[in-house]
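Notes to accompany the following structure.
The first chain written gets the first letter, and so on, giving A, B, C, D and E; residue counts start at 1 in each chain.
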Amino acid sequence: MSVLIDLFTLMAVGSGLLFFLAGTIGLLRFPDALSRLHALTKADNLGLGLIVLGLMPQAGSALGALKLLVIWLLALFAGAVASQMIARLVQGGRGCGRG
Amino acid sequence: MGMATTTGPLLVLAVVVPVIGMLALLVMPFLGIRRPATVALAVVAVGVAIASAIGIDLVRSKEAIVYVVGGWAPPLGLQLRADGLSGVMMAMAALVIAAVALYARPQFDMAEDAPGGRRAFAFWSLLMGLWSALNLVFLGEDLFNLFVALELLTFAAVPLVCLDGKAETIEAALRYLVFALIGSALYLLGTAILYGQYGTLDIGTLHGRASANLATHAAIALMIGGLMAKAALFPLHLWLPPAHAGAPAPASAVLSALVVKAPFFIILRLWFDVLPEPPSEAAARVLALLGAAAILVCSVVALRQRRLKLMIAYSTVAQIGYLFLMFILIEPGVAPWTTIGWTGGMLQLISHALAKAAMFLAAGLIAEALGHDRIADLAGAGRTVPVSVFAFGLAGLSLMGLPPSGGFIAKLLLLNAAILSGAWWVAIVISVGGLLAAAYVARVLKRAMAAPATAIETRAVAREREWPALGLALCAVALGFVPLQPLDMLAIGRGALP
Amino acid sequence: MRAGMMNASLDAVLVVTLLAVALFSVLARQARAAVIGFIAFGLLLALAWVRLGAVDVALTEAAIGALTAPLLLGASAFAGTEKPASPPLRLALAALCALIAGTLAVIVLAAPEPAPSLAMQAVAPLGALDLGNAVTAVLLAYRALDTLLETVVVLLALIGIWSLAHDENWRDAPASPAAPSPPLDLLARVLPPVGLVVAMHLLWVGADAPGGKFQAATLIAAMGLLLMMAGLTPPPALGDARLRALVVAGPAVFLAIGLAGFLFPGSFLAYPDGWAKPLIIVIEMALTVSIALMLLLMLLGPGARKPSA
Amino acid sequence: MTGASLFGLAACVLIGLGLYGVLAHAAPLRRVLSFNLLGAGVFLLFGVAARRGAAAGLPGDPVPQALVITGIVVAFAATALALMLLRRLTALRAAERAADGLRDDPKGR
Amino acid sequence: MTPAGALLAAALATPLAFVALCLLPGFRRRVFDLLPLAPLPALVAAVAAPGGSLLLAPAPMRLVLALDEPGAMLLGGAALLWAAAGLYARTYMATDPTRIGFAVWWLLTLAGSLGVFIVADMTSFYLMFSLVSLAAYGLVAHEGTPRAESASLIYMALAVLGEAFLLLGFVLLATAGPTGNPLIADAVASLPASPWRDATLALLILGFGLKMGLVPLHVWMPLAHPVAPMPASAVLSGIIVKAGVIGLVRFLPFDQPAADWGTALIVLGLFTAYYGVAIGITQSHPKTVLAYSTVSQMGLVAAIIGAGLELGAAGVSRLAAYYALHHMLVKGALFMGVGVMAATGARHRTLALGVMAVMALSLAGLPLTSGALAKYAAKGPLGDGLAGTLAALSAAGSALLMLHFLRLVAKTAPVRADAVAGWGLRAPWLATAAASLFAGWMLFAPAIGYAPASALAPAALWDATWPLLLGGLLAFGLARSGIGLPKIPEGDVAALAMCALPAVRRIGDGAERLDAALRRWPVAGLALMAIVLILGATLGTAR
């Protein structure tokens, strides 16, 4: 049982890392800000989701697993907002706060 | 570690009462007391009473006052301790702050929302914070607690520099802040090393435990270096002249008289209470050499300043040099506080504090009356603000080390110690420093006493605003009449350090 | 054994990345790049604290790092009026810095064995205090004076910042950081409740588990800043009575309880038997409010002229 | 080498880097950043002392950990004060430049 | 408190009380007229209280007043001259708008100058010495002219330098001797055994020698004396330089011969005596000539003291005081006389010129005057050797110098030929002149130990006369030969020192540049780290 769970974790986290790798390559190689953003958010959200998914069975308690899930949701949310704002900034719209 | 003594709560109050004043200043306008000066002066009265009570108790009991905060004895908890030395320092701080408060009251006596209210509010709040920090520096027994005190001091002192809001003063304040922060970081680095070595930061515990090894020496060197940066010992004085010259006069007085003395006080504690005995002579010589360089170079530079406040600021850098001569003048193997070098150094510290505060206060009124502080155009000051010019002269007497004054006795004792310890060069530096001080003070007095060539426009200054400076200057002179008394006072409780 | 190897290599990777980012932050040509490097450094540093078994510190570092980020991003890259150091001077500086760092390394490697520690002494009274987190016990019992004065340090810094205003508007509200946009608006409506809950949690568990007033206060301050950046709440006027009262509340409650200790049980900042935990929680709650407010106000800066709409 | 020593060495490097940065840079912002690196190094050194002093079932000596928490808050306050000073200074200098620019007289200054 | 002690205290306290009372506007208005009264208690004390002493404050302060014989002589003379000069000033400066300020400086200088003669402990002596030195600045600077400005600046600089020498010397003395604030006598008693004996003696001689005007520390005198108002010049040249004399008298260890230092002092003194004459005769202003004459005369006093030190003869202190007293009154009278002459028209000046001639030649030892007595007395310690001969010969120089002075002073005259100096000027002048004769004869026996009649023996008279004749011949020859004397600026070597000013300025520039360089951020940072490293390295070295 535990071997199976470990295997699941290994696979999920591994594929999550792959997404991160792809995202990072995209970030470095894509020509303009918007496509970079595209690569990043896609990869991040999915990658992080997979990692969280993989770690949930390892959390030891239902509450712990729930916390991990909440973290993923919050990260998704923050990522979405942040990329929206960056995109607006790039398009010459209103800036994101001072600075 | 000593047991808590019955008057111990006074030590807590000495630290806490100014903090209460600071908090009160934030909310008082809404409780009907609109002028911050009113609250601040009340706190000053209480603070002076506390400092006096501590002093009286020290003299009466001839023993250090100890307070274990919260009942948690060191090394886990914190302890406050007042010996004769701290008592004298606290009295000095109380005296200067009381005089400064009286001086500043007419200047900063407006409600928060009145014109100038920002300055009044900030000045009094920062002064309260500064006082609390000073008392903690003099009472703290824990190196990290002292770090907090130093930071309190810095954060109170920096905004005082730029109260007038001009670009130059803000630049000076920023420079001061960052350099002081480097000093803090080095100090904290030293405490980290000491904790890693000995598992305690309590000075009393370290006193017996610290052994002479690389870690201890590196820690102490880092801490002393950091504190020197905060004390503006030459050549680490880059921040002091613009900061002290740019601040409003009462703030300059506190900065020059008290704030730079706090890090020096902690250096003393590290040197004599933490370093394993006997401290290295070579290191003492390094400190003394820097002190000598401070005296010689910065006195000359003071002599060449065009602005009065800058001149006084450079004089402060020079006078700080005298304090660092002390380390080489105290012979090893003897309890330091029984030596004349120690007494001379302490007397120099106190008389400089009083004289320098008096000078800055007087200079403030001179500048206010004339509308500028260019030394070349001071003619007429003697007629417009005679008491201030007189106070400046009296304070100058002490700075030059001429009798009768505290500075004279201090110089006498330091010279005496220099000769006894065979440090001839120190004696010569002290003498030359006195000559240079005489020159820069006389230069100002000569101009100030002269009659103006053409009619000058002056602003009237209320006579009673001139008294605090005169009072401080008279105290600096009066110190010369209690020549050997401090020796006993300074020794109270020193020997009893565990 | 293998776990040990694994941990060691993880630590090594962490340390190398940490130092690389730090180096980048110091050497970067652009101020902006240096700032971003530093923000990344702050996150990695929090990880380092976890690896050092100091979860309380890690939380503080992360939280404070989060507050420092907008501060740094909003800071001016004003180059100053000074001449930059000449290359030989830089070389000399680098040499002396390396010498100091090297000496420190020697000291670190030759640290005494067994290492001195106050852990035993710190744990012993935990039962009497009814606290589970020794760090909280240090902060609010053994070295409570430090903590009290450290809030005063923050307060002084705040007063210092306030004093930088123009004379005529220093009691007004600080300049609004508002830059409303739909996504920010959404974030500001959704996140603060979550943040508040997490802050309360951090505060509550602080007595027994990692967490506490600073971490909670930082989170609350960040939520407040978010609300203001989204334009949902205007910054408060600095001359406002309620605001001042809230700023003062924390240190005042702390001080009052400390002074009450004089009467009972007879020592400043001592707690009567059995009352330690409730009193500590009261202090922490009051401090959380005040510190959150102070941090927020520090980020907002001095009072400014009202926009002449 | 134990994990604590590794972080100890990292702390030493950070201290060196921070010191260099704060002293070599002319721009105030860079100095403040470097000061924070320096501070982080010092705090890490405390952390190492805490880790090495782990005992009584705790992962580290709580006293230095508490000191670091206090230190971090103080460092933040310092950073905030410094950056606000810098912001004000920048604004004033900019206003000065603008005023200089407006001055028509070519001989003036 | 004994009556004698009370008198001493009153002598010191009266002028200070006058200063304090100046805070009252009513008193302030009249203080100038009351100046002659301030030194009167001291005069009474000098006559009535020799040997008296008073412990004003117990240890550790230990302010002790005591009046020994040399002190009494100088105190009496000084009080007399102060009173006369005060009276003189009433008239001389009656219209000066800033005379109230002048009066305060006057009173402070007065208190200090009397104080040095009567305090017996080291700290008080230093205090009084500083008071007289520094307060005299106000007298020198009073006129406010550019000349007075630069003269007072140089005066102040050298006075403070002298203070520094003395302080160091005193500290050496106190360090070797009893702790606390010892009596001067006790401290001096320990000097011969002191490990720093030579350094102490050198510093004391430098400090006091500066006040006396020993070459090359004399430069302030010819600059400062002529620029002060006439009554101030009289006390500066007459009294204030005597603070140096009393200092040497009190602080040199006469009990144990110190041949090396004695000889050095003799050589220095005699050189000064001739040097003063040599430069003096090139001067064209009567007050400057008088100032150089003071330099010369003080050189002689130094030589007398040096002889005492060489022989270990304590009695020489009375002798030196006697000589100084003579010089004090005569020089005072001469300065006041310059003012009288300047206010006296050609028609009425025969008598005045006569008195001036007597006074002037008294300095050269004119028989029957105090000068003859003083020079006769000085023969004892200086002996018949080379030193004695040179000292005697110096009187010829004095005669030459004084004839030069008389010629100059005869030339100065007011526009109106029938102008007559008022009694306000003439009375104090004549009184001082008379007092010099009177005091010389009265005090001869107490000071020298044998009857004044011995000074009237033919041999003694001849000894006094030949230098005068020689001096006269020289003067005559000089005038006849038509040798043009070089124009030497006032203050001679001070003018040379002025050439060093650019160098001094360069030091200042250098300090400023150094400071500016060190205040650069990275440089200060480098210094900080270097200090930390050096401290760390040195802390590890064992004591």
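Some observations on this one:
Everything below uses one rule, namely that a residue touches a chain if its C-beta (ideal position, glycine included) is under 8 Å from a C-beta of that chain, and two chains touch if they have at least 3 such contacts.
Note that the coordinates shown come from a computational prediction; the quantities given were computed from them, not determined experimentally.
Any chain that touches subunit A and also touches subunit E is listed here: C.
The chain with its CA mean position farthest from that of subunit B is A. Taking the mean of all protein Cα atoms as the centre, the chain whose own Cα mean lies nearest is B. Counting contacting C-beta pairs between every two chains, the top pair is C-D.
In terms of their C-alpha centroids, the spacing between subunit C and subunit E amounts to 71 Å. We define each chain's centre as the mean of its Cα atoms; on that basis subunit A and subunit C are separated by 27 Å.
Subunit B and subunit E, compared by their mean Cα positions, are separated by 42 Å. Shared interface positions of subunit E, defined as residues touching 2 or more other chains, are 520-523, 525-526, 528-529, 532-533, 536. Taken residue by residue, subunit D touches two or more other chains at 15, 18-19, 22-24, 26, 28, 32, 45, 48-49, 52-53, 61, 63, 67, 70, 74, 77-78, 81, 85-86, 88-89, 93, whereas all remaining positions touch fewer. Those residues of subunit A in touch with two or more other chains do not exist in this structure. Here the touching chains pair up as A-C, B-C, B-D, B-E, C-D, C-E, D-E. Put simply, subunit C touches subunit B in their complex at residues 81, 103-104, 106-108, 110-112, 115-118, 121-122, 141-146, 149-150, 152-153, 155-157, 159-160, 162-168, 170-171, 239, 241, 244-245, 247-248, 251-252, 255, 258-259, 261-262, 265, 267-270. On the side of subunit E, the complex with subunit D involves touching residues 521-522, 525-526, 528-529.
Those residues of subunit E lying in contact with subunit B across their complex are 60-61, 123, 126-127, 130, 134, 144, 153, 156-157, 160-161, 163-164, 167-168, 171-172, 174-175, 180-181, 196, 507-508, 511-512, 514-515, 518-521, 523-525, 527-529, 531-536, 538-543. Taken in their complex, subunit A has these residues touching subunit C: 74, 77-78, 80-81, 84-85, 88, 93-99. Residues of subunit C that touch subunit E in their complex: 82-83, 85, 89-90, 92-93, 96-97, 99-100, 103.
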